[in-house]
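Common to both upcoming complexes is subunit A, partnered first by subunit B, then by subunit C.
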Partner chain A sequence: MIAFLARRLLFAFALVIVVSSSALLLTRLAPGDVTAQLGPFAPAAEVAGTRARFDLDRGAAEQWLRWSSRAARFDFGDSFLYNRPVRELLGGAAVNTAVLAAAALLVATALGIPLGMLSGSGGAGAGLIRGVSLVCLSAPPLLTSLLFVFLAATTRWFPAGGMTSVDALDGGWSTWLTDVAAHLPVPALALALPIAATFERLQAQSMAEALEQPFIVAAAARGVAPRDIIVRHAWRVSLRPICGVYGIAVGALLSGSFVVEFVTAWPGLGRLTYEALRARDIYLVAGCAAAGGAFLAAGSLVGDLLLAAADPRVREQGAP
Partner chain B sequence: MTRAGRWLLGVVVVMAVAAPWLAPNPPDRSFADALYAPPTPVHVIDAGLRRPFIYERRLMSRLERRFEENVSRPIQLQWFTAGRLVTVPEAAGGPLLLLGADAFGRDIFSRLVYGARTSLALAVLATLAALVVGALIGGIAGYAGGRVDDLLSRLTEFVLVLPAMYVALALRAAMPLVLSPAAVFGLLLVIFALLGWPIVARGVRAIVASEREREYVAAGHALGAGPWRMLARHLLPSTVGYLAVQATLLLPAFVLAEATLSFVGLGFPDPVPTWGTMLQDAANVSLLGRAPWMLAPAAAIFVVVLGVNLVVQGRGRAPVQLEP
Partner chain C sequence: MLAAAAVLAAAVLVFRLRPSDAPPPPTIQRGGQIVASVRAEPRSFNRFVSRDQVTELLTILTQGRLARINRATYELEPWLAEKWESSADGRTHTLHLRSGVTWSDGAPFTSADVLFSFQAVFDGKARSVIASSLTVGGQPIRARAPDPQTVVLTYAAPSGPGLRLLDNLPILPKHKLEAALAGGTFASAWNASTPPADIVGTGPFIVREYQPGQRVVLDRNPRYWRRAEDGSALPYLDRIVLEIIPEQNAELLRLQAGELDLTSSELRPEDYVPVREAEDQGRLRLIELGVGPDADAFWFCLKPEVKGKNPLFAVVQRREFRQAISHAVDRDAFVETVFLGAAVPAWGPVTPGNPQWFWPDVPRYAHDDELAGRLLDDLGLRKRDPSGVRKTAEGVEARFTVLTQRGIGWYERGAAVLRDELMRIGIVLDIVPLEFGALIERLLACDYDAVYYRPLATDLDPAGNLDFWLSSGSAHLWNIGQRTPASEWERRIDTLMLEQAASLDFERRLQQFNLVQQILAENVPVLYFAAPRLYYAHSPRLRGVVPTVQRPPVLWNADRLGVTR
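And then the complex of A and B:
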């Protein structure tokens, strides 16, 4: 188990390094650089000075070396766009994205797993649940977020965009928290619904498969109540594919949160990455990529641990 | 369920193919008096049942975007004229805007059916490209085994673990931001294929690796078939069923990827009608509230994804959402 964890951590570390380095090099090789932000009439000396400040006048390899030696000390350079250290920007954005993703994952789990158990065991309304699931599955975050923003704007039940109101901090921390909580449902639900539907479908399928196993028949023959069979016996077995999908779900959450953040103006990593990419803000791009890589690695690590918790075979052999 | 899905997909494909005939107006024609105009109501009742007609519509206030129907002047729809299924010429009191008009007074329905051509063509071609590349790499990995297999499998897993939307975004943003529509089409095709192949390759590798141990492969070798012939003629054909399933996953994902990239302004330029460029208008919340018909392309995307999912579910498989 420890060797397994060590290997996964090593992989996570490599992922962050490779992803952020390739983002840096890709931005470096892209046509145009951050000095385009100075406008067409900037004096040549200022352009040259800016290029020197961002190491753009050095070779790509040298720039990467200087950047990575600083990044090893958690100094990710400065953002041109915001004129602030990348580390500060990343901290805020990563927390916002994490809040959004965690809320969405929570909602998706709370909706998808119980409904999947119900429809997979042929319970009441199985057909209805399956139909709703198919509809949600066909409405990815781009569509759900547009729809929810539209609904929020017309009904005015929820604020349609942003993470806080303008005057959020005037009333202290408690009003700030309730304000964020009021802004959260629209993006979180938009992100959660398609994932909840995926969970529901997978849980239903693996539940139906688990119920056909011989030990379920044996339990039924011993006179175990149908309810107990589903909750105690079949569910445990059916969990394995679900735990496997949690690792992948983090990738889907990250990708989906980009669109949702864009549509609902949630100030997270996706929005920041997009702005950095468009402005060729090279260190901000690399920093965002590093943060995204760390998210992914953490997600797949948690997925592996869940898998190990649900399936003793994984624990003993040390690999899924 | 499969049948319903096929019907949905069939309708969309027919719409795309027959776009010039179905569209009542040219997709890039902008009607000066129809900015954000709501859909034109088509009536059939006017003191008794009549053939479908519309009333002449007058722009009452540009500021309030208020339109009124002139009920004293019904106008017959013109069927099968000028190479179109149905239309109302501007001279006769048109235009006929079945789904309303956008910010430039362009007919949303006409743009929708023309947009289906670009959006679907890109998705279908990208799916084919991803299948070919994935089958080739997966086939080589599974057939060769050993170090080649290790290397290709690591590569596959690495690309697979990346969040596709961000990679697409980064690759697109790394290219010049302003490109001609044809260049964008080619670029997106390459990017999508680059992101799609690993999903295919992983499964193909597993199938080929297990098929390789069967007797017919040994027989083929004994008869003198080379590795490429074995792969192309005997091993890869056994993956066709698997490839078909992968196509149903990739196609909706690519339709969405185009929509997302165009939506954020990194896809096709605005005059080109695609579902993504059309959705750009919907990004403005205050406009959306007053002109909800701007969401029509979202509905079109939904229909395509739902159609594919219905087909998949009807075959007894759980449709899983791929990113994005």
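And then the complex of A and C:
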């Protein structure tokens, strides 16, 4: 197990380096740069000063070398948009995204798995569940987010955007937590629905396959109640593909959160990345990519651990 | 059909609009908070080093200037300086500071703060972005202080805008920033991670809290110097919250839901209908700000050193070619289709939204496809085959790529209408929408045939936009940064604009500028088609709104805003 964890950490480290370096180089090579944010006709001296500040007056390779030597010391450079060190921005944004992602994963799991079990075992409403899942899978995140913002704005059941409200400024921790919880449903649902639909589809298919296994048939022949067959026997076996996809789901949460966080004004990593990309804020793009890579690696690790917990064969082999 | 529907919608809209609120009645209630939106983070709390709109807005809310241009009347108003005298030659101005003014932390405001602000603006290490706007005759404005309440400013040359230049200069506290300037760290002082308590000002509000990605909270400055007509203290509001909402559709939904009282900028044409419905239900007030001060622009790259080898350049650089294009565009239909009726036809860069400098008699080009065709025929661009596309005698097609910004509805609609209009006279336009950064890169390198875009003027006074008018200017769209004027008419504009900028006689300045507008219209290096009408929505509980076409349309007057309870 230790060897497995060590391999995973090494993989995570390599992923972060490759993803952030690629992001930096691609941002550098794409047309335009951050000086466009100064306006179309900014004075030449101001443009030159900004290019020098962000090493854009050096070659791409030299810029990468300078950046990577600083990044090794966790100094990711400055953000143009926020005019402060990227490191300061990443911490808060990553925590906010983690809160949102955890809530969305929880909702997706709570919705997707039971519904998948139900539809996979041919329970009532299987067709309806399948139809709703397909709609959720095909709806683009921009549309889903705007729909939820619209619903929140119309019904006023939840705040339509942001992570906290100004009224919570003067309250204590409990007020703040309650306020964050009130703001979570809109972005969390927008983010969770497509993932819940993915879980539902996978779980349904996997459950249907498990129910055809010989040991399930034998259990039924022994007179085990159908409910127990599904919950105690078939479900456990059918979890393997779900656990496998958890790591990918974390990646999907991150990429989906670009738009969801932008529309719902959630101050997380997705929105930060989106704004950085739009502005060609080169070091912020690279920093966000590094944080995103770390998220993906962590998600993948969690998925593998869940898989090992769910499937004894994986534990016996030592690694998936 | 579409155009007819647009006309009807616009007619209904205009009919239903009401004039904005009158100035606040004396009985306006004190206290309360308003929530406004901004689309981006503040890059800094120091306007000297950052030109972004949010920093500018925060500066208006938290800092004072010696004199202020009233955004509604365009008049120069005494502000931290309560009166002044100017010498006959317009080079020396003696300003008397308002007595009893203190910074928000209680320190007295004196002439030392004014001298410090001028010193900071022109300090090389500070890299101030407003330095060029405070330069006259190529020299910085010099300041001295005979006593704590008096400042004498000396200009190197007479200046047409005179003391209006002072609207560009927020006065910063010497006692808070002196060490940063001396230590060479002024450029990073008061950045986004500075504790709010360290940011003091003489404006109506103080920064209470900045939550990155979420909001800036501003509380009433209890030491603000300004009084209402009845002698009571301003501002009326206890708090202004600036919510950071990057996505414009979500911003509109939150405005409609009552989570926002106002937005930082005007509405898009497509937002009128939902906002009008919200107004009908009493949830919002819709107001017409007027015609915006900036028109859209379409121009060709006329830089010979870049485009000289292009086989069509000989034609493009002829003014008759550009005049033909101007004749080919039906501006009334353009207004209806591109702006859904919410615009007026434009013939030059100065629109009715800039009443002081707008010249209604600027030469116009009537919509006339036949005349356009004759002009092109005379240039040797003829329809030589059944394709209908004009070609030179050498067989080169009159085909151009037009760049515009991706994702902005009316840019893309405008470019599409131009393509259709020019196709009728045999000119082909291929539209390439680009991301903002890529567009700017190609624009500055003159790596394009034509561009459709709306450049924003930095100042309503033409002397503040010399970078556009002068051939050497960095915003001389069609041929940026010329060493010597590329044409005789550009040389003439250079001379007239430099004279105009240095003249103290407003009537003479106006005459000279009208002549400049005439020369520009005759040579059409840039074609203008429409200037949008600007609309704005705010919560009905807001009082004291004095809207303006300049940004910020409402918060410029924040110390007199109030709310009903």
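The rule is short, and it goes like this: the second predicted complex is superposed on the first by the 292 of 320 C-alpha atoms of A that agree within 3 Å, B and C clash if a C-alpha of one lies under 4 Å from a C-alpha of the other, contacts with A are read in each partner's own complex, and residues count from 1 in each chain.
In the analysis below, a residue touches a chain if its C-beta (ideal position, glycine included) is under 8 Å from a C-beta of that chain, and two chains touch if they have at least 3 such contacts.
Worth saying up front: this structure is predicted, and the values here are computed from it rather than measured.
In the superposition on chain A, A:R7 makes contact with neither subunit B nor subunit C. When the shared chain is aligned, subunit C comes close enough to touch A:A44, but subunit B does not. By the touch criterion defined above, A:R236 reaches neither subunit B nor subunit C. Once chain A of one complex is fitted onto chain A of the other, the partner contacts of A:P159 are limited to subunit C, with no touch recorded for subunit B.
Contact with subunit C, but none with subunit B, is seen for A:R84 once the two complexes are overlaid on the shared chain. Once the two complexes are laid over each other on the shared chain, residue contacts for A:P31 go to subunit B and to subunit C alike. In the superposed model, A:R70 makes contact with neither subunit B nor subunit C. After overlaying the two complexes on the shared chain, residue contacts for A:V149 are found with subunit B and with subunit C alike. Judged by the touch definition given at the top, the superposed model places A:A23 against subunit B, while subunit C stays out of reach.
Across the two superposed structures, the residue set of subunit A contacted by subunit B and also by subunit C is 30-32, 146, 149-150, 153-154, 160-161, 262-263, 278.
Against subunit B, in their complex, subunit A makes its touches with residues 15, 18-19, 23, 26-27, 29-32, 130, 134-135, 137-143, 146-147, 149-150, 153-154, 160-161, 194-195, 197-198, 201-202, 204-205, 245, 251-252, 254-256, 258-259, 262-263, 273-274, 277-278, 285, 289, 292, 296, 300. Chain contact summary for the complex, subunit B toward subunit A: residues 158, 161-166, 169-171, 173-177, 252, 256, 259-260, 263-264, 266, 279, 282-283, 285-286, 288-289, 292, 295, 298, 301-302, 305-306, 309-310, 313, 318-324. Interface of subunit A with subunit C (complex): residues 30-44, 46, 49, 80-84, 88-89, 92-93, 96, 145-146, 149-150, 152-154, 156, 159-164, 166, 169, 262-265, 267-268, 271-272, 275, 278-280. On the subunit C side of its complex with subunit A, the touching residues are 33, 35, 40-41, 43-44, 50-52, 127, 129, 132, 188, 191-193, 209, 211-215, 217, 241, 243-247, 249-250, 253-254, 256-257, 259, 434-444, 453, 455, 467-468, 473-475, 480-481.
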